[in-house]
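Letters A, B, C, D and E name the chains as they come in the text, with residue numbers starting at 1 for each one.
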Amino acid sequence: MTRVTVENLWKSYGDQTVLENINFVTEPGSFISLVGPSGCGKSTFLRMMLGDEAPSKGRILIDGVALEAEPSPDRGVVFQKYSVFPHLTALQNVMLGLEFAGSPIAGRLFGRARRQARAASLEMLQGVGLEQSANKYPSELSGGMQQRLAIAQALVKKPKIVLLDEPFGALDPGIRAEVHEIMLRLWREEGMTIFMVTHDLSEAFKLGTRVIAFDRRRTRPEELKAYGATVTFDLMVDGKIIPPRPETPAPLAAAAQ
Amino acid sequence: MRRLINRRPDAVTQLALMLLPFVIVVICYMVASEARLSENPNDKLLPGWSTIAAAIERMAFLPDPRTGNYLLWSDTVSSLTRLGIGVAVATVIGGIFGILQGLVPYFRATFNAFTGVLSMIPPLAVLPILFIIFGLGELAKVVLVAVGITPFIIRDLALRTAEIPHEEIIKAQTLGASTWQIILRVVVPQMLPRLIDGVRLSLGAAWLFLIAAEAIASDSGLGYRIFLMRRYLAMDVILPYVAWITILAFSLDLALRLFQRVAFRWMYRGNGL
Amino acid sequence: APKKDFKVGWSIYVGWMPWGYAQDNGIVKKWADKYGLNIELVQFNDYIEGINQFTAGAYDGIMSTNMDALAIPSAGGVDSTILIICDYSNGNDVIILKDKDALEDIKGQKVNLVELSVSHYTLARGLESVGMSEKDVTVVNTSDADMIAAWGTNDVTAMVTWNPMAAEILTGENANNVFDSEKLPGEIQDSLVVNTKTLEENPDFGKAMTGIWYETMALMSADNEAAIAAKTAMGTASGTDLEGYEAQLAATEMFYTPQDYISFAESDLEKTTTFVTKFLFDHGLLGQDATSPGYIGIELADGKVVGNADNVLLRYTTEYAKLAADGKL
Amino acid sequence: MRRLINRRPDAVTQLALMLLPFVIVVICYMVASEARLSENPNDKLLPGWSTIAAAIERMAFLPDPRTGNYLLWSDTVSSLTRLGIGVAVATVIGGIFGILQGLVPYFRATFNAFTGVLSMIPPLAVLPILFIIFGLGELAKVVLVAVGITPFIIRDLALRTAEIPHEEIIKAQTLGASTWQIILRVVVPQMLPRLIDGVRLSLGAAWLFLIAAEAIASDSGLGYRIFLMRRYLAMDVILPYVAWITILAFSLDLALRLFQRVAFRWMYRGNGL
Amino acid sequence: MTRVTVENLWKSYGDQTVLENINFVTEPGSFISLVGPSGCGKSTFLRMMLGDEAPSKGRILIDGVALEAEPSPDRGVVFQKYSVFPHLTALQNVMLGLEFAGSPIAGRLFGRARRQARAASLEMLQGVGLEQSANKYPSELSGGMQQRLAIAQALVKKPKIVLLDEPFGALDPGIRAEVHEIMLRLWREEGMTIFMVTHDLSEAFKLGTRVIAFDRRRTRPEELKAYGATVTFDLMVDGKIIPPRPETPAPLAAAAQ
């Protein structure tokens, strides 16, 4: 079980401050929804969680240890687009992570190791309902199937933390609900911590155990550069859907408990 | 009356239109040839069909009295061998450098400007230097072809590699891939079809360099024959040779495209439903 | 270990076709084997490229004119020896005018030729003979491969070129031969040039080459079927036929026997040599340091040095031809 | 230890790495040149710096004793004029045919196959025909350059034109545009920057054809000089000329890129917020 | 005021039937929302309305006249993407339609005609709230601004019919609501007929005066090729938001009245 601590985190690009003084601690096994207006820095935050970007100030700890400064298999990710490899079939996409671990030079498994990886991957595919499409290429899958594949691909490595950047934005409502179910089931089974960025508040509250909103506090044009977004509301959801109440941001301190 | 832009020829019209410019060229040739031959029946510039046919028979279907070879075929074998090796070498080097330049920041910093400058040097101008360094054998010709097209292939592939969505590279890392594994399993397979595109684009230049190299030092090859015949203005041989080179170039291009389709099915399956 | 492998370059020209024939018909191999050597004759499509390769050290011998031997390897500091003079041009290099028939008419015209080649030299000497100089014409550098095509265009009114192109062009009605190398006997020599150092260290190489040449010469100059067959093969190889090749030979003074060559080389070559060095010097072809036409010394067959005796870089020798004449090869 | 792929050189390292291959080439040259010159001080193949400097001074800063011209500059003017005219002609023809081929189905049906075949013919091989038709003067050189690159420009631009989203063409029609108005206001303005890309891509080939043309019949020009100097292996002149051509090619490319930035601001503004 | 009649409309590509036997008549000034699963042929239907595709069978009449077989200025369109010209500023984008009409050869207006077109276009831009951005290029505008620009561009020609293909799919909820208001206002002012394809049912009911759903009636695999989608429900909305009731499709006949 994993606890993520975000301490006094700032991020600027040049003289443009994007994120300002972000602080929170997550309970092990949390499902955290990140919401906020476009351009407020949600993806930037995820990139820092991944290690793809370095914070300008402050730090992120995982179970008390500063996180590795580059992407690693303990943090899985699903992007809105380009999340699966177009040149591999669904099954190959899922097996890939296992092959990387098992074969540093060839990047491919053979013989028994391969059969094991294959079995594990097929099971994973079954978990997301893609066992019928194991031998199809991503371009032959619908958007919803591609996102389910991306989830299977990320989860087969059993990461401690999963980062989702608007993973369901492109799906239509019916398929979206279906993927939500799969996501929740896997989260409960695996006990990992999930961060999910979404634009859809009802999705945020339906899935998250906690909803954190980023926004700028100061929006006067002359202040835009110097001040970034920070946590403007932070709600525990306790597993049931609560409608958004953006007018009463919970104090930061309450969240850190 | 619909807009021109919205009008599509039917299949028959399409075929007729396609043939039209070729037919016009042939007619123009015939008229001009006729005119010149009626003035001077020995004119070599625009020979008549029968002269050309005789030349084709001589070059392609009768053994050369001196060497006993069928010249067109032995020339073709020589040229295609050189072209093939040169292009293969360029493909391998271009593939390796292109991918590394597109993917690894240190590599890019080292070689980007250099390959940029290299690609601007006109290879014909350094031909003498190449011949001096590589001698005049087959090696020099192969090297000229390779030197001529490698910088282009590198630059093209480096750009394409840099276009791989950053998300894919991040994703591979979260799956635990090392740099080497990323290259092997993520980048190379996706870049192979692009590399073939790059090779196809540079085939024209490759032919050019091959012909230029064969013009200078050779005793066989399509370019050699054309330059030898040029001394005598033997257009009855040159024209079929040019047509033959065109057919070969076209077939090579087609073969590469077909290979791409067969070997990289993932690019052509479905359409992102 | 002593050097065993030798490479010699040749290009298509009437006087050098026998080398290709010798290669194709085992004569080269026979003589190379006799001296325990490997000799490879390589055909250059581009004559100059071969001389460049020789100058750069990639080849041990090359077919070259005396003028180019002096301007390229010698001026490039490579001590070179003319081992055999195969022939001299006796009408092979021609100044051709369109629709005019006197050399004087060339005044003011554009002249298409291979710049700095023997054609250029022929032009310079021709102009001299009628009291003009190069200032009276404009020289346009034109690739030898395209002379015939170039002649067919309206832009071209004057041309200097050599056989077989010259012969082909002269078949046209409007083409007139107004000057040719028949008037410059012995000045344009087509030779086998070898690296002096290589020759000194490997006299067997010189012997083998000499043996190849005179055996081939004997074969083709005989009056029999074999000679006809040989000349037919040489004609085909140069892109023409027996008849065309015979016509080219007519404009070429071949040295069929060693004696022919020895008596030519030991005659007074000093005068011809001076013409050539002057032309080269005037065109800046003797190197940047050259201060006079005699800057590079030329050692004649009799040991006499023309020009700078401290800087001898081109040598004539009849030593090997004499062995051949004496049957000592 | 981070993955190689994630490590970025800092600015100073970047500069050092960039210069590295150039420095290595220069050092290799110096060593080789030194070695050859110590054997034969008159060696022409790899001249020393002082010889090269003297040649540069002679060609660029002293008038030629025979003509009174500063040769490097007069050669440059000749070559750039030919190149410029040839490329301009190719650009205009390529622009017109490319756009029509990409946009108008009837036009495409007529010319697509034809330009495809044309682009496969190696222009060097048909030089004699070009000479006869266009003479041996400046025209022939310009034509060779134009003929050499036009098919490529046409094909490139036709592809790019066909890539204009169908939605835009439909939209223009719903705004009442005729075919001509679509070409004028929608297609041409968007294709001009692509056309410049196409021209940039074909500049290398254009230089090649220019040099080839100048090698064949000329009395001035950079290619003429290189091939003339090759006659007596004057590498001290050839090397600076090659470097100069490289610089010119680079500058032309840069100029086109800058022009593109200035003239087509809409392509570079914002980033699709 | 325009009445659109769709009579017995079929569309196939090769042996794949996409649309099958579509019939309806619209009241003048209707705002029709088209909904249906992905791939059911909504865009294909709009393309036939545009004249970009020809029906395989049946016909479409506008005020009793068969529609022109190619796009024309009486039918404006806004696509989800590529709806504005990237090389023209916002103002130039709107003026373009007026310039086409006024200048057949040059495609550009000069002098007074130009000033008039400019004024009309600026007014239109003002209507969609873009007067501040008149001189910006599309790449400098946000997604919502681009779609508002596309609407202004289409409406400046005062088309009788406006076709919208998922015009607001890419916008986030706040901006989407704002564009809805603008759209409704312009529709009321101009009195044109609007067809809008959307995946969002609440949008369909919020904006439409009538909601038409396309779907396949037969979904057994062996039937997929031969049978296409048809109208599976057709509801009049009367200007107020009614929740979707897909379980009770209204009979076709009811809609045709």
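Here is the rule we go by: contacts are C-beta pairs under 8 Å (C-beta built on N, C-alpha and C of every residue); 3 or more make two chains touch, one makes a residue touch a chain.
Chain-to-protein mapping (UniProt): A, E = ABC transporter related; B, D = Binding-protein-dependent transport systems inner membrane component.
This structure is a prediction, so every number in the text was calculated from the model and none was measured.
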Does D-E or B-E have more contacting C-beta pairs? D-E
Work out the mean Cα position per chain and let me know which chain is farthest from subunit A. C
Would you mind pulling out the distance in Å between where the CA atoms of subunit B average out and where those of subunit D do? 18
Between subunit C and subunit E, what is the gap in Å from one C-alpha centre to the other? 83
Please compute the C-alpha centroid of subunit C, do the same for subunit D, then give the distance between them in whole Å. 39
Centroid spacing, where centroids are CA-atom means, of subunit A and subunit B in whole angstrom: 47
Would you mind listing the residues of subunit D that make contact with two or more other chains? 3, 6, 45, 127-128, 132, 173, 178, 215, 230, 233, 273
Residue ranges of subunit E touching at least 2 other chains are 38, 70, 142
Indicate the residues of subunit C shared as contacts by at least two other chains. 52, 56, 145-146, 149, 152
Determine which chains touch and list them pairwise. A-B, A-D, A-E, B-C, B-D, B-E, C-D, D-E
Please name which positions on subunit A make contact with subunit E in the complex. 37-38, 142, 172-174, 199-201
Spell out the residues on subunit D that touch subunit C in their complex, using ranges where they run on. 40-45, 51, 54-55, 58, 127-128, 131-132, 135-137, 215-219, 224, 227-228, 230-233
For subunit C, which residues are in contact with subunit B within the complex? 9, 12, 24, 42-46, 49-50, 52-53, 56, 58, 144-149, 152, 164-165, 168, 233, 236-237, 239-240
Quick check on the complex: what are the subunit D residues that touch subunit A? 2-3, 6, 273
Can you tell me which positions in subunit D touch subunit E when the two form their complex? 165, 167-168, 170-178, 180-181, 184-186, 189-190, 264-267, 269-273
